[in-house]
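Each of the next two complexes has chain A plus one more chain, namely chain B in the first and chain C in the second.
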Partner chain A sequence: MQKGEMYVGWSTKDDVRKRGGSGGLVTSMLAAALDKKLVDAVVVLKKINEFEAVPIITSDINEVLNSAGSLHSVPSHFAKLIANRNLKVALPAKGCDVRGIIEQGKRNAINMENTFIVGLNCGGSMHPVVTREMLEVMYKIKPEDVHGEEIEKGKLIFKTKDGKENAITIDELEEKGYGRRESCRYCTIKIPTNSDIACGNWGVTGDLVGKATFVEINSEKGARLLQNAVDAGYIQVQKPDEKGVAMRTKIKGVMEGLGQKWKDKIFVPMDNRLEYFRKELEHCIDCGACKAVCPTCSCGDVSKCTEYHFRSDAYKMSMYHLVRFLHLGDACIGCGQCSDVCPVDIPLTRLYRRFANPIQLELKYEPGMDTRKPPYFEVKLNE
Partner chain B sequence: MSDNVYSTICPGCNFGCGLYIRENGSLGVDFRKSSPANAGKLCRFGMSLPKFFAPAKSMIDGVETPMEEAAKESAKRISDSKGSAAFLSLGNTSNEELLAFQKIAESYLCTGVNFEALPKDTYQTISIGIPYSEIEAAKHIVLFIDPYEQYPLIVRRLLSAKNKGAKITSVWWKDLTLADENIRPDDISKLALTQDSIIIADFHPLSDTEQVKNVLSLAKNAGAKVTFLKPFANSTGEYIISKDAKQKSLAQLIEDINKGTIKTLFALESDISALIPSDTLSKLKNLIIQAGQASSAKANIVIAHEPLYMKKGTLINNEGRVQALGGSGTKGLDALGIIAGSKFDFNTLHESIKKTIGITVVDEFTIPKYDRPAYGAIQAAPKPVEKKPALIDVYNPFIWFNLADDNDFVELNLNTARALKLLKGGTLKIKSNGSALEKKFKVAPVQDNVLLTGKSLGIEKGIITPVEISR
Partner chain C sequence: MSGVAIAKTDGWEPKIVAFCCNWCSYGGADSAGMGRFQQPASARIIRVMCSGRIDPLHVFNAFLEGADAVLVTGCHIGDCHYVSGNDKTKIKYKYLENVVRELGIEKERLQLNWISASEGEKFANFIRDVTAQIKKLGPSPLKPEGVV
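Moving on, here comes the complex of A and B:
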């Protein structure tokens, strides 16, 4: 196996195949990596209910095999979880997870040689509190009655315990303010080709639909990961058919196009930008959660944004935010975590992207998409 | 290797914020985005929890000892005190522990607040707040708090209400950014309430009873709703459990210690150093602290056990929402059993709590139905602030212990800063009762002649302290 190859595969374990999403290939590949000591630990989501799962780092194969499948209402991020822990680890990763991990790698907080990134195709995730409200308002079903969910042909489908399927188009949901998190709507990384191996159900055809995962090997590490799982008897793979490969490319193009449309819709020019930023930030309570959760920040507690800022300052816009705007110009990956955790609901990702979009376009630099260091990252001092 | 992750509730105040505590060599905070009270969002205190949960060690007179020995020695000293022991719990632990504690504390129970000075028929209104969803749906909200400083997670609910068209009136010493109308406390006659109004105030150990009565009276007369936010993780649970118990106020406890009628104080999960003067504490023969994390008070006996996030049990938040703590630890209950002389059974206590609240299962997504009885007319006589400089203590519910926080400054307005010729980045001299100190200041839209502080400066005499100020 080598970089550039594509396969369709599934778990050889019956229970994983039934429980895991799309044939349980990712779960089994991670378990095999642990079993054969390719890694010392694996990151998995421990499912609590349909709307909650907690990411854990584990060396327990059974914990991996029992881990959650795909959960769209769990917008977690794994980069900070594994940073500064010196682990030899494998983990599943959405596009934004991969970008965060790569940025942490550039900042020496993650050893990329010891990190096996299993990329997951991602059309977006939803905030669990918004999802619960959406179920009651739009679907007219109780969140407790939900037994599973999936996205198919532009519709978000919730299965209830009585066996019924309830579908509404994502467009309709998002028109009403529900559906995906805003940052997911304008994200254009749908197949994480920046991971070691990209996995998802797009491109699976025929009898294998819903029972297998399409994989694309993006690196030598990705090839080792897949080969290891095959050799250990955890998964079976076969070559995809041409129709599947074409379908996957088409879906990717359509999804990326939709993301770009959202980007064009949200990031329109505006009058009185200074006042806009000031108003959006005026309720900040200085909790620091946006920095703590930011997957590309590796400064720790002591950094320019925190040390230049004092709560006794009476600035209309704090130095904390001004420094972060500057730092995130070439670092923001638009993951939405800062907006998720802001206690006063400041749309921080949108604010950061307003600076980052033009800067990253101008510098032709997309953070987290490759290992290229950010422009002006290094400074040479004259002796 | 596998991370220990606890799904728990923030101990900072009674808002009921869900979060994860992760143990992996050190402690970390993770955001529990599915939590109904806070959607995973945390304030400055919540973000500092790894520092707050500094481990405690059981001690007898400064010597480290097993927890059981510390509990046994406590039982002995309480017994030897022959009626001069008092029991204080501010409400920072599970309902199950509080129920057990109440059985021990029958002779002298102090919950830190002064229910005795308030009409009995207001107990339920003060104890159990209204759901945050009702606040978000309100047409008019009146704030007798500074939400940014005191209960930050209410801010997003207020902004949500405002986005839906609510008018927000603040009755405070400082203009609040989110308020449409700012009224100074002395100008309360300008406040117009209707049946569509919701008043948000708070209730804590330093609350001015007349001010609490005044808020209740305003709500009563207008037919408005009123909700009291509270500062301890399980204040609501504590008040529900203690409803029929005879309670002493904090002021009474301090007086009894000063008089010498109370010589032994047992404090359950309550850092008393911020509330009881050190010269009063020094008069105690025995200070016994039972806690899950280090306390700043110097105790004769420390009974140390697992922190809140590792405990088994339930809390009740401001809304009345019953929330499960994420752990399985019952050592706190074991210690209380040693002091009581008979072991407490968790399941019996838990079932008793559920029966009291009228629920069969603990479901954080459903707020139980509580009686919300009307209360009678109330006469209140709140004291006006004198027209000379005053330091106003904005009671900050978060017990920071020795945690560093960037709040070591007072707020004053531009007129005052100019009149005193204060310099940017400089300090202000504050004198009161023979004490003097120098503090950094922040210019903010504060009432003339008022200094606001979110941190106890050590010179306060109650909420409002007359001061002299100079450059």
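Moving on, here comes the complex of A and C:
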């Protein structure tokens, strides 16, 4: 097995295959890595209920196998979880997780040699609080009655405990302000080519739909992960058919196009921008949560954005945010974490992307997509 | 009867913060004075040892404290006394400019210029030009309440 190869595979454990998002290959591969000591720990989501979960770092193979399944309303982020811990670890990662991990790697907070990144294709994730409201308003079901959730053919389906399936198209949900987080709508990394191995259900065809995972090996580490799982008897793989490969490429293109459309729709040119930013940031209470979660920031508690910011200055713009607008110019990966955690609901990602979009375009720099050094740290720009 | 309207008329002098490198533009400012080149009283010069020392934070601070314009100046590329300080200035300036522009601040309010120690006249002309531009624009929208 080597870089560039594609396979379709599934877990050899029937219950894992059933519970898995699309065949349980990911959890089985992670478990095999633990079992055969490729890594010392694995990161997975531990379920609280059908649409809420917390990430954990574990060395328990059963806990890993138990995590099978995709949770679409858990917009967790794994980069900071494993930063500065010097772990030998394997973890599942949505596109934005991968980008965060790579950026932490550049800042020497994660040793990439010891980190096996299992990329998950990602059409988007939802905020759990918004999901609760959506269940009541749009689906007319109680969040407590939910027993399983999945996405099929553009529809978001919630199963209830009485066995019923409740489906609404994602387009309709988003028209009403629900559905995916805003950052996911314009995210354009749908297949994480920056991970060690990219996994998803796109490209699985025929009888295997829903029962197998499509994988693409992106690195030597990815090849080792997959080979190890096959050798250890955790998974079974076969070559994908041509139709599936073509379908996967096509869906990727369509999704990226939709992402670009959303981007153009959200980031329209605007007059009176200073007033806009002032208004949006007016209610900031300086809690620092947006910095604490930001997966591309590796400053500790003492950092430039916080040390020169005093509320008593009563400046017309927040010094904290000004410094962050600058520092995140080339670093922001658009993961949406800052918007997710802000206690006063400032649409921070939208603000930060206003600054990041133009400079990243101008410098032709996409953070988290490869190991290129941030241009800010160059001695000379290659213009 | 807005104070801004009055300020925009003849009496108002903009406050221009000019960061100058010890080895070049600060000397340029000096020779501007020695050469008796006419220059407005608008400039507040802050001397740094190299333009590479100018942190974007210093520029934000100047604006937030009431500067109507901020000038970043240094040695011509290739002449930096610390070899590549001004190359780094160029990079930082690009990021700084991006933030200031996206904020919606007029481009005249933030400018970069390379001025050597012997270019007194260039320095004087630069300050004069910027002062005229800013007089047209009026006070900076970032100026705190109560600061002229």
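Throughout what follows, the second predicted complex is superposed on the first by the 376 of 383 C-alpha atoms of A that agree within 3 Å, B and C clash if a C-alpha of one lies under 4 Å from a C-alpha of the other, contacts with A are read in each partner's own complex, and residues count from 1 in each chain.
Operating definition for what follows: a contact is a pair of C-beta atoms (placed from the backbone, for glycine too) under 8 Å apart; a residue touches a chain by one contact, two chains touch by 3 or more.
None of the values given here were measured: they were computed from a predicted structure.
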{"item": "Partners on chain A (chain B, chain C) - clash or fit", "value": "fit"}
{"item": "Touching partner for A:Leu322 - first (chain B), second (chain C), both, neither", "value": "second"}
{"item": "Partner chain in contact with A:Ala314 - chain B first, chain C second, else both or neither", "value": "both"}
{"item": "Partner chain(s) touched by A:Pro375 [first = chain B, second = chain C, both, neither]", "value": "second"}
{"item": "Chain B versus chain C as contact partner of A:Asp264, first or second or both or neither", "value": "neither"}
{"item": "Touched partner set for A:Asp340, first chain B, second chain C, both or neither", "value": "first"}
{"item": "Chain B or chain C, by number of chain A residues touched", "value": "B"}
{"item": "Partner chain(s) touched by A:Glu52 [first = chain B, second = chain C, both, neither]", "value": "first"}
{"item": "Centroid geometry (CA): angle chain B/chain A/chain C, rounded to a multiple of 10 degrees", "value": "80"}
{"item": "Which of chain B and chain C A:Val293 touches, first, second, both or neither", "value": "first"}
{"item": "Shortest CA-CA distance between chain B and chain C [superposed frame, angstrom]", "value": "8"}
{"item": "On chain A, the residue positions that both chain B and chain C contact, one per complex", "value": "313-314"}
{"item": "Residue ranges of chain C in contact with chain A within the complex", "value": "56-57, 60-61, 64, 84, 87-88, 90-92, 94-96, 98-99, 102-105, 141-144"}
{"item": "Touching residues on chain B, where the partner in the complex is chain A", "value": "1-3, 5, 7, 20, 24, 29-36, 38-44, 46-47, 148, 152-153, 155-156, 159-160, 177-178, 365, 406-407, 409, 440-444"}
{"item": "In the complex, chain A residues that touch chain B", "value": "40-41, 46, 48-49, 51-52, 54-60, 63, 73-75, 85, 127-129, 132, 143-144, 282-283, 285-289, 292-293, 310-314, 340-345"}
{"item": "Interface residues, chain A side, partner chain C - complex", "value": "271-277, 304, 308, 313-317, 319, 322-323, 325-326, 329-330, 354-355, 358-359, 362-363, 375-376, 378-381"}
